[in-house]
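Next come the structures, one after another.
Presented sequentially are two complexes of chain A, the first with chain B as partner and the second with chain C.
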Partner chain A sequence: MTADTVALTAPVTRRRPTWPPLTAKLAAGLILGGAVVLFGLLGPLLVQDPSRVGDIGLAGPSGDHLLGTTQTGQDVLAQLAYATRGSLIVGAIVGVLTLLLSAFFGIVGAYAGGWLDELFSLFTNIVLVIPGLPVVIVISAYVPDKSLLLVSLVLAITGWAGSARVLRGSTLSLRGRDYVLACRVAGEKRWRILAVEILPNLIPLLASQVVFAVIFAILGEAGLSYLGLGASGSFTWGTMLYYAQNGLALRLGAWWWFVPPGLLLALFGAALSLINFSIDEIINPKLRSQTRASRRGWRMSSEQLRKAKESTL
Partner chain B sequence: MRYLIRKFGFYLVALWAALTVNFCIPRLMPGDPVEIMMSKLGQKGPVTPETRQSIEALLGADSSRPLPRQYGDYLAGLATGDLGVSVTFFPASVIDIIGRTLPWTIGLIGLATVISFLAGVGLGTLAGWRRGSWLDNLIPVTTMFQSVPYFWLALILLFLLGSVWPLFPLNGGYDVYTVTPGWNGEFLGSVLYYGALPALTIIVSSAGGWMLGMRNMMVSTLSEDYMLTAEAKGLRPGRIMRRYAARNAVLPSISGFAISLGFVVAGSIVTEAVFSYPGIGSALLQAVGGNDYALMQGIFLIITLAVLGANLLVDLLYSVIDPRIRARS
Partner chain C sequence: MTTLEAHGLSKEYRLRHGLRTSTLRAVDDVGFTLGHGRTVALVGQSGSGKSTVAKLLLQLERPTSGEILLDSEPVARRGAGLARYRRTVQMIFQDPFASLNPFHSVEHHLARPIRLHHPAMTDADVRRRVLHLLERVRLTPAANVARRRPHELSGGQRQRVAIARALAPEPGVLIADEPVSMLDVSIRLGVLNLLATLQREEDLGVLYITHDLATARHFSDEILVMYQGRIVERGPADDVILRPRHEYTRTLADAAPNPERRLGELRR
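This part shows the complex of A and B:
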């Protein structure tokens, strides 16, 4: 008991967290992603009511309506602002839920080992092989009035397993390392080893899994809404595209209606991917290290080769 | 051998889980699917007691029967291949509809997925081998394609290649007006022509992911010591690339291929919605639109089974390619 308290209260030398180096990729990702998030947060405060019906339908971009109007004269920019907020909310909820579920089933299972690990890993693999979108479609077919929260919940439940598997793999490799074994011998408590010794090493991996989950959730919600199965009465990028498709925006050439939501989605996805690339380079140092091109520099020139041959003869 | 037994055991458990999910969903959800189906069926024609019974077994209305009994009825119904009757395509049975639509989906989505996998892995190998070349610099662009929502890309391509420059047909699986289905050249040509654009959109949107994964694994593999040894031995670069680097680097992609099959199915539903392709995804959406719960559950079951089967195949293939897997167990 006293030994533990001493260990806990002893001054801990803090390791500085390893931030990814600010490369061009990371900077571009952060700026783009930040801009979209800012638009989603502040945009709805600045624009008019997105559902307000106007007189001028299907008008191109002009001074009054910067991104033109929909078939019923609603302002596309206003809809876009609210849609951005809706999609980001879905992404955020699913990101948090995926983090919790995958960390629980991936890290805790792998760390505990034994039958618990077997059970969790079996469960993860089963959720992984059962295709997600059909489950989501079937569930949403039974529930007529869906909230954004319900849609996010279903997306998270069907989508966490991939991350859990990745986390399990690296937890397994970490828990067998010498320094963890040393902590055990030193009598550290099991939860403390998990929280203080293992978890910090998993943070980059967790971060990249969450980023992936956010991308997948936003894309998944957009696909679901496009099929007409999204949350009822909500604005997201997917519902905008659904209404654009139903309003024959494609046939009528109303590009200002269907291009912005897709483009914004692509931009945000690309920004998150760029951030993920930078995180990957921390997790996998091999991506940074020596290339074949650098190795070519070691090669002997033909002059040196001839000399070497002559000397051996 | 132990590896095989473990794998088969796992897929048996997964199969049971899929069947059980299929059993539970209609029973946990609000509303009374059987009554909705019955009233719809009643409008189309007389409903026999047997039909009612089989649908009740599938969707669970009879609350007087205890759940374990219902579960038994449900499994017995499935064992005889009885998936109920469709409302949307009355009086066809669910099994018939699945048999009619599944070949279209497997033909289109299956082929397109395999092509995009092979193309992506091939390009990724080259990009990782010549790191910093123009091909390698193309990767961010292909990732951009990946974060574009698939259906949006498909819509834009359809808009450009179908409406603006009418190179490809707008929708459908074949020319319904001039050709008759069957094993004749005209029909097959028509199917290829109508399938080209959907297949193209799938390849464009998914090859980039394979390319990126393969490229990163190639880069990792190239920094291994045995690569240095191979170069030092003076082996031909082509041989090093294919036999030493690519063969080891492709392993995660192959196991990733198994996992991605679920996403492929998901994508197929959206593809078929965009192109009105007569596959199983369109049938699922029609079933959802028409509250045709029996058809919906049946298609969900078949999709799950197909994904499980394909996963099993990839797992078996993997053990052939990577001898370490067999040796470990």
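This part shows the complex of A and C:
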């Protein structure tokens, strides 16, 4: 009888496999993104009323107004703080809605299978081919008094379908895995298999889809606002750029008016992209070893090259 | 004392080629009886319908026709009857790298079936059962193994965890779908011997699905040879291997490496 004992002596590691390793990429993304979020949360509490009109007109940065003033003497820093909060609110709402909609139509449909999957998939495909921007423009044109919530809602409804397709594909592949079948054989309930066995394996994918949706929403809202179709009466990075454009900031050389919102928009987008790349590296570990920096590690050192040359001569 | 019977089991899949459809008969009129304490080997090449038979027996697919009887009673489709069937008939999957969820610990894999079939058990009891199961499949120290995730274990260790999971509900019938084909040759015998030991201890009926005639002969009482969805030959293990009647069985037996025959050919 050789039913021998298999002894394991190596120490047990305690890291969750879904937690991304803290690379320089992720750290940079988290610090940049965190700083912008912190500014959006705390900034509005520290600055003056962003709509208060002053009599100094368009003025550059000074001790009183750290980022100068607009044409009507409004403090740019105060506007920037409120605009950051507004843009982040749009991003958050769209992120959450995209998560819910794409998870429902993508994951539940694919897991249930049959006619429900066909129906959900058809619906997703229809939403996917609706051209986003024109619809947003039409809806915006019909509703005269738009709140930030309405704009977010419109962006979420036109934006979730792509994520749903990606999630559907992954769920289809996961639901046929042996460990899912093993759970069915063990007698697990269907909803529990979905929630406990399948969903945790989709977390990295969900996270990257949500981060992407937030970028899409913030940029989309900025684009709409810049065209003058955004939320009325609220500050976002897009509305700031819109007013700067209307106030001829570029021609007057008032860089303090249009550079800060543009810069924050770019920085926040970059930060979220960096976080997204880090999450992608968990889903697809190949990406980690295919960076230029890691490929450099494969080369021979000059010492090795010299030795190789000597031995071949 | 459980007996699993299959009568006239057939499974057809509908294939779609654009607008035309055709049917593929994966399993055709398969019947057998699996008694307690007996091992029946189901032998056949890839695509012969072996795994489809396993799926039908495990209620993962519905047979097109035919019936499955557990202790001479038809299997319930849902509810308490199906739960009882699930407790009695368990499965060991082929690929130990796919059959354990990478997200969960070994303990989760073993504790869930125990909790499902013994809802009244306390946490401490479940934990004790988990450790006991790990010791029964010779994974020690059990407390250490229980905390690990599948990716920290080797293929053989994973397959032992999969065997422990199948034993967790205390089944009467075990369906082993090529349990060692994905493992290193060096550890196959250990896993097969473990299965044989557990079978004797628990008086299990085992359906051993394989394409390896040598282990089928060694570990089973009866061999069914499957070819293109049909059972073409059946009988006591030694009879089927030593005196194959069907053409396909003969080809299969000849395909197995046989040093004596090879030496004889060389000498000639």
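The criterion applied here is as follows: the second predicted complex is superposed on the first by the 271 of 313 C-alpha atoms of A that agree within 3 Å, B and C clash if a C-alpha of one lies under 4 Å from a C-alpha of the other, contacts with A are read in each partner's own complex, and residues count from 1 in each chain.
In the analysis below, contacts are C-beta pairs under 8 Å (C-beta built on N, C-alpha and C of every residue); 3 or more make two chains touch, one makes a residue touch a chain.
Remember, it's a predicted structure, so these values are computed and weren't measured experimentally.
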item: Touching partner for A:L227 - first (chain B), second (chain C), both, neither; value: first
item: Which of chain B and chain C A:L128 touches, first, second, both or neither; value: first
item: First, second, both or neither for A:G34, with chain B first and chain C second; value: neither
item: First (chain B), second (chain C), both or neither touched by A:G113; value: neither
item: Partner chain in contact with A:Q245 - chain B first, chain C second, else both or neither; value: first
item: Partner chain(s) touched by A:L219 [first = chain B, second = chain C, both, neither]; value: first
item: Chain touching more of chain A, residue-wise (chain B, chain C); value: B
item: First (chain B), second (chain C), both or neither touched by A:A266; value: first
item: Contacts of A:A141 with chain B and chain C, given as first, second, both or neither; value: first
item: Common ground on chain A, meaning residues reached by chain C in one complex and by chain B in the other; value: none
item: Complex contact set, residues of chain A against chain B; value: 122, 125-126, 128-135, 137-139, 141-144, 162, 215, 219, 222-223, 226-229, 237-238, 241, 245, 250-251, 258, 261-262, 265-266, 268-270, 272-274, 280, 284, 286-287, 289-293, 295
item: Touching residues on chain A, where the partner in the complex is chain C; value: 1-10, 12-13, 17-18, 177-179, 181-188, 197, 200-201
item: Contact set on chain C toward chain A in their complex; value: 58, 60, 82-83, 86-87, 90-91, 93-95, 98-104, 112-113, 116-117, 138-141, 144-145, 147-149, 151-153, 156-157, 160, 162, 165, 168-169, 189-190, 193-194, 197
item: Residue ranges of chain B touching chain A (in the complex, touch as defined); value: 10, 13-14, 17-18, 21, 25-26, 29-31, 33, 129, 131-132, 140, 143-144, 146-152, 155-156, 158-159, 163, 216, 219-220, 222-223, 228, 231, 259, 261-263, 265-266, 269-270, 273, 284-285, 287-289, 291, 293, 296-297, 299-300, 303-304, 307-308, 311
